[in-house]
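Chain IDs A, B, C and D follow the sequence of writing; residue 1 opens each chain.
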Amino acid sequence: MNATAERDLGYSRTEMMIAASARRLEGAKNCFVGVGLPNIVCNLAQRTVARDLQLVYESGVFGARPERLPLSIGDPTLATGATAITSMFELFAFYLQAGLIDVAFLGGAQIDRFGNLNTTVIGPYDTPKVRLPGSGGACEIAIHARHILVIMRQAKRSFVDRLDFRTSPGHSGDPASDAARGWHGTGPTSVVTDLGTYGFDDSTGEMTLMTLHQGMTLDDVHANMGWEPKVSPDLGQTLEPTTEELRLIREELDPTGAHTR
Amino acid sequence: MRDAVADLVRDGDTVAIEGFTHLICFAAGHEIIRQRKRDLTLARMTPDVIYDQMVAGGVASKLIFSWLGNPGVGSLHAIRRRIEDHDPEPLEIEEYSHFGMVCRYVAGASNLPFFPIRSYYESDIPKVNPKIVPMTSPYDDATEVYVVPPLRPDVSIVHAQRADASGDAQIWGLLGCQKEAAFAGARVIVVCEEVVEESVIRQDPNRTAIPGVVVDAVVEEPFACHPSFAQGYYDRDNAFYLDWDRIARDPETLDTWLKEWVFDLGTHADYREKWGSAHWDALRPGDAMSGEVDYGRYA
Amino acid sequence: MNATAERDLGYSRTEMMIAASARRLEGAKNCFVGVGLPNIVCNLAQRTVARDLQLVYESGVFGARPERLPLSIGDPTLATGATAITSMFELFAFYLQAGLIDVAFLGGAQIDRFGNLNTTVIGPYDTPKVRLPGSGGACEIAIHARHILVIMRQAKRSFVDRLDFRTSPGHSGDPASDAARGWHGTGPTSVVTDLGTYGFDDSTGEMTLMTLHQGMTLDDVHANMGWEPKVSPDLGQTLEPTTEELRLIREELDPTGAHTR
Amino acid sequence: MRDAVADLVRDGDTVAIEGFTHLICFAAGHEIIRQRKRDLTLARMTPDVIYDQMVAGGVASKLIFSWLGNPGVGSLHAIRRRIEDHDPEPLEIEEYSHFGMVCRYVAGASNLPFFPIRSYYESDIPKVNPKIVPMTSPYDDATEVYVVPPLRPDVSIVHAQRADASGDAQIWGLLGCQKEAAFAGARVIVVCEEVVEESVIRQDPNRTAIPGVVVDAVVEEPFACHPSFAQGYYDRDNAFYLDWDRIARDPETLDTWLKEWVFDLGTHADYREKWGSAHWDALRPGDAMSGEVDYGRYA
C-alpha cells in the first residue's frame, strides 16, 4: 500500500475504485450522477457495462451525452445533445421524488456503519471545525433513488462510529422499520473504497466487507475504520480493472489524470 | 394504437386523455370506444367533445373534471343527459377548479400526498367534494389554504407533435398539463404526429416535455387530435365542434354518428380517409417558424 | 327594447355590452381573458383603450397577439406570436395566484347582489335541473385577479336573490371582513349587462346601478332582477358605442356576427 | 448595470443571484461589491465563487443556501473563514437541501404559504433549521412530509441568453431555478447576453422563461456570467474556478484580486477589456443548432 505497490499493480487505487464502482451499474437504466468521481464512474459505465444508461444530473439534465468529461454537474457539454432538460423543480419532483431514478452515487466526509452520511460539518454545527458543502441534493437523493452507491476513500476519520451530523439517511439498523418508511429508496446498496467493496446486511442493515482489492488486507481495513467491521463469510477479492477500463479512464475520461492519479 | 389501447387500458381503469383544447387525442378515445372498454373513470380538466363521445359510447362510469363544456360552443349533451336525467344511466362526478385539477396532476407526478392551493375560499365546491380539504400553514401567518389529493391515472394518454421511438416527446404551443399528466400516469401512451429520429429530439432538449422513461407505448398517428388541433400541423375543425352540438343533442343521431365514424371504421387511418384529403388540406395553417438557437458544441 | 328599437339605435344590445365592457379595461396592463364574449371585449380593448394590454389566457398564454378572433381560449392563433407560453400550473401559480393579473372577466348563469357567481348547477347539486360547466378557472380567478369585471345578460332567473351554488366568491357584504381575507383580488368591480352598468358599493359591497344604456329604464332593470336593486344617486347614461368600436366589432372581431348580433 | 443595482439593490436586502452553474451573473455581483452594498442576505442554491467574492467584498451578513462549494474544485475559502473562524466577522447561515431551496422559490413565486416535500426524513438538517417543519397529510394515508416556507427575495437577479427591451427573457440549456427565482423576487433584474427585438421572442414563445411583467430592469451585458458560462455563447472558464481556490485561500491575495478585478474597474466592459479578446475567443464553443419548429400561422 505505497507508491511502489501501486506501480506494481499497474493501476492506481483510485482507478480500482472507479472500475469497481462502474461495474455496480450493470443493468441500470438510469443513474443520478454526482460531482467528482461519480462523474467519471458513470461515464465509464456508459462505455462498458451499461451502454443504455441514461445519465441524469441534478442540474436538470436527463439522458446526457457529454462529448467531454464534464467539469461539474452543470457543464454545458451535458446540455448539448441531451434527451431532455428540465427545471430543477421538475427534476427533483417529477423524476427523483417520483421514484424514477434507479441508482445514485453519494459520498461524504463521514459515513457510519449503516450508511448514514455527513456532508455538512466536522465538529459542532454552530462552532464547526470544518464547514463542508452541506446537502445539495444528497438528502433527498438518499431517500428516493432506488439504490445508493457510495464511493469514499477509507480512513478512520471518515468511517466513523458516530457522525458529527447526519445529512443523508442510510439504514436505521432495523430493516423492518426501514421497510415501513415507505420510501422509494432502499438505501445504500454498496460502498466502494480504496480498500475493498462493502454491501449491507439484509438482517441488520450493517455495512459488510464483501471483497478486498488486490494487495489489501483485513488489517488495512481495520486500520482505516472507526468501528469493528463486519466481514462476509465469503470474503473475496475485487476483480481488477481491465485493460479496456484503464484505457477509457486514462485516454478518454481523465486524460490529464486530475481525478484519477 | 389498437395494440397500445388493448395492452394498456383495462376495464375499470382511471384514464386521463389530456390536452387543453390543444393536442386532445381523439383517436385514442375512438379506439377505446371501439374496443368497448367498460367502467372507466375518465379524468380531464375539460371533458370536451372527446369525453362526450366516450360517455355516449358507454365506456365511462365516472368523470373527474374542472370544466364541462364544448369550448366556444356550449354544452356536452351526452354527459348532461347522464348527469341530469341518468339517461341511460347515472354518471358519477368529482369536480375541481382548473387549478385544483392541475395541482392534482402535479402532486401525482411528484409523489406528493397533497398539494396546497389558495382557492376554494367561500366557494361551495369543497362542500360537494370532500377530497378538497382546508389546511392551515404551520408558519406564523397561519394562512388558510385548501389541499387537493394526488391524481395518479392508471393510464395517461397524451399527444405530442413529435417523439422518438423511445417516447421522448416534444410539444410546442399550448402545453396544458400534458407533462404533469404523463408523469402522473402509472402507464403512459404517447401519440404523436410524427415519430422522428432521436437526433431531432437531442438537437433541442429544452423542447422535450416527456422523457421516454415514463412512456409505455409510442404511437404515430397523424391528425389524431382532430377535431382539436396540433400547433403548426392543423387547425381546430371548428365546424365539427359546432356540428357536435347538433349531433349530441339527439341520442339517436349520436348513435348513428358513433356507428359511422367509430364502430364501422377499423383504425384512425380509415377515419382520415373518410374525411378525405381536401378536409385535411383545408385545416393546414401557414408557416410561422420558431427560428433556431445555438446550444454550442462543447467537445 | 325590441328588434325595432335595436335597429333604431344602430347597434345591438350585445354590441353595447361589448363596448361598455371594453372601456373598463382602460389603463389595464394585462387581462385574463375568458371564453366567449370576454374574448371579443378584450380584443376590442386592445384595439382601442388599452393598446398595450397583454392578453392572458388560462390555457397558458401570456401576451397573445391573435391574428384572428380566437374560437376558444385555446385557439392556436393565441400561441403563435405570443410573448410567453407556460404550463397551466405556472399560469395559475406564478401568474394568477401570485397576483400578477390586473383584470379578469367572469360571467355565470347566476349572480347575486354581492357578485358571487354560479357556473356549476341550476337546482340541487345532486339532482340538477341544469348541469352547467363548473368552475374552470373561475373560482381562483375570482380570488386572485386584482379586479373582476362581470358581463352577463340580465334576467330575473340569472340575477338572483340566492344562488343555487356558489362557484366563485364575490363580496361578503362586509367590506371589513373582505379586506381581512388577504386576497390579491378586490372582487367584482363592475357588472355590465344589456341594460346598464353596475358598480359595488364601498360600504356594503352591494351591486349598484351606475348607468343605464340608451333606451333602457329603471323599470327594465326591476323587471330583470331578482332583488330590489340599489341605484346610484348619480345614475347616468352609458356612453353609446362609437362608430369605430362598431366597425372593429363588425369588421374585425366578429365578421359573421356569431357572437354579437 | 450600475443604475439597475443602484436603484434596485438596497442595504439590508435579501438578494438572490441565481443560476445553477449556468448563467450565474458575476457582473451583477461585482457591481454590488463595487457599490459597497451592506448587510445583505444572500440567497442561492450554490453560493459558488460569486458569493465567495461578495462575502469577501463585505456586502453580506447572512447566507441562505443548499450547497456551499466551488463546484468541481473544492471549498469557498472566504465563506469558510467567516463561518469557521468568524474572520473577519461571523456570517449567519440558513441551510436547506437543493429540493428545499427550489421549493422555497416555487412557493415564493406561487404565493404559497408553505411547500411540502418528501425530504429531510431522519436527517439532522431540520434540527438546525427550525423553518423546516414536519406536517402530516390530511388524507387517509397520513403521510409525513416536511414543509419549507416561501422565499421572496427583495431582489432577484437572473441572467438569460437573450431578452427584449421589456424584459421578456429566453433561456436554453440548464434552467436551474431562474424562472422560479425571478417570479419570487419583489424586484427583478434580468441581465442578458443580447437584447433582441420583441419579434425574436415572439417567434418562439415556448422558449420564454421570464415575462417582462415581473422585470424591473433589463441590462445587456455580454460575458456577464464569466467565469461561469452561457450555453451557446461561452464555456465555463475552469481555469479561473481552479485559480479561485488559490486566490481565496489567502485573504491578502483575495483583497488584491478584488481591488484589481472589481474595485479598480468601473464597469463590466472594463473587465472584458482587461481579460482581452483572446481570452473570450478561447471560450467560444462550436455550433450546435437547435433546428426550428413551425408554430403555424393562423390568420
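The rule is short, and it goes like this: contacts are C-beta pairs under 8 Å (C-beta built on N, C-alpha and C of every residue); 3 or more make two chains touch, one makes a residue touch a chain.
Since the structure is predicted, the reported quantities are computational estimates derived from the model, not experimental observations.
A.B. asks: Indicate the lowest number of steps between chain B and chain D, counting one step per move to a touching chain.
C.D. replies: The fewest steps needed to get from chain B to chain D is 1.
A.B. asks: Decide which interface, A-D or C-D, involves more C-beta pairs in contact, and give its chain pair.
C.D. replies: Taking the two pairs in turn, the one with more contacts turns out to be A-D.
A.B. asks: From the centre of chain D, which other chain's Cα mean sits the farthest off?
C.D. replies: Following the centroid criterion, the farthest chain would be C.
A.B. asks: Rounded to a whole Å, what is the gap between the Cα centroids of chain C and chain D?
C.D. replies: 41
A.B. asks: Rounded to the nearest whole Å, what is the centre-to-centre distance of chain A and chain C, using the mean of the C-alpha atoms as each centre?
C.D. replies: Distance between chain centres, rounded to whole Å: 59 Å.
A.B. asks: For chain B and chain C, what's the span in angstrom between their mean Cα positions?
C.D. replies: Those two chain centres are 28 Å apart.
A.B. asks: If a residue has to touch 2 or more other chains to count, which residues of chain C qualify?
C.D. replies: 61, 75-76, 79-81, 85, 93, 97
A.B. asks: Give the residues of chain B touching no fewer than two other chains, as numbers and ranges.
C.D. replies: 106, 111-112, 117-118, 143, 172-173, 175, 179-180, 203, 206, 231, 235, 285, 288, 295-299
A.B. asks: Based on which chains touch which, is the overall arrangement a line, ring, star, complete graph, or other?
C.D. replies: Per interface graph, the chains form some other shape.
A.B. asks: Provide the full list of chain pairs in touch.
C.D. replies: Pairs flagged as touching, ordered by label: A-B, A-D, B-C, B-D, C-D.
A.B. asks: Quick check: in the complex, which residue numbers of chain A touch chain D?
C.D. replies: Within the complex, chain A touches chain D at residues 35-36, 58-61, 71-76, 78-81, 85-89, 92-93, 96-97, 116, 120, 125, 128-140, 143-144, 165-169, 172, 181-183.
A.B. asks: Can you list the chain B residues touching chain D in their complex?
C.D. replies: Spelled out, the residues of chain B in touch with chain D are 111-118, 133, 135, 137-139, 141, 143, 145, 147, 149, 161, 170, 172-173, 175, 200, 203-204, 206-207, 231-233, 235, 285-299.
A.B. asks: Can you list the chain B residues touching chain A in their complex?
C.D. replies: Within the complex, chain B contacts chain A at residues 106, 109-112, 168, 179-180, 183, 198, 201-203, 205-206, 208, 211-214, 295-299.
A.B. asks: Taking the touch rule as given, give the residues of chain D at its contact with chain A in the complex, in rising order.
C.D. replies: Within the complex, chain D touches chain A at residues 20-22, 45-46, 65-69, 71-72, 79-80, 83-84, 95-99, 102-103, 106, 117-125, 128, 143, 172-177, 179-180, 229, 231, 235-236, 238, 241, 285, 288.
A.B. asks: Where on chain C is chain D touching in the complex?
C.D. replies: 29-30, 54, 61-63, 65, 67-68, 75-77, 79-85, 90, 93-94, 97-100, 184
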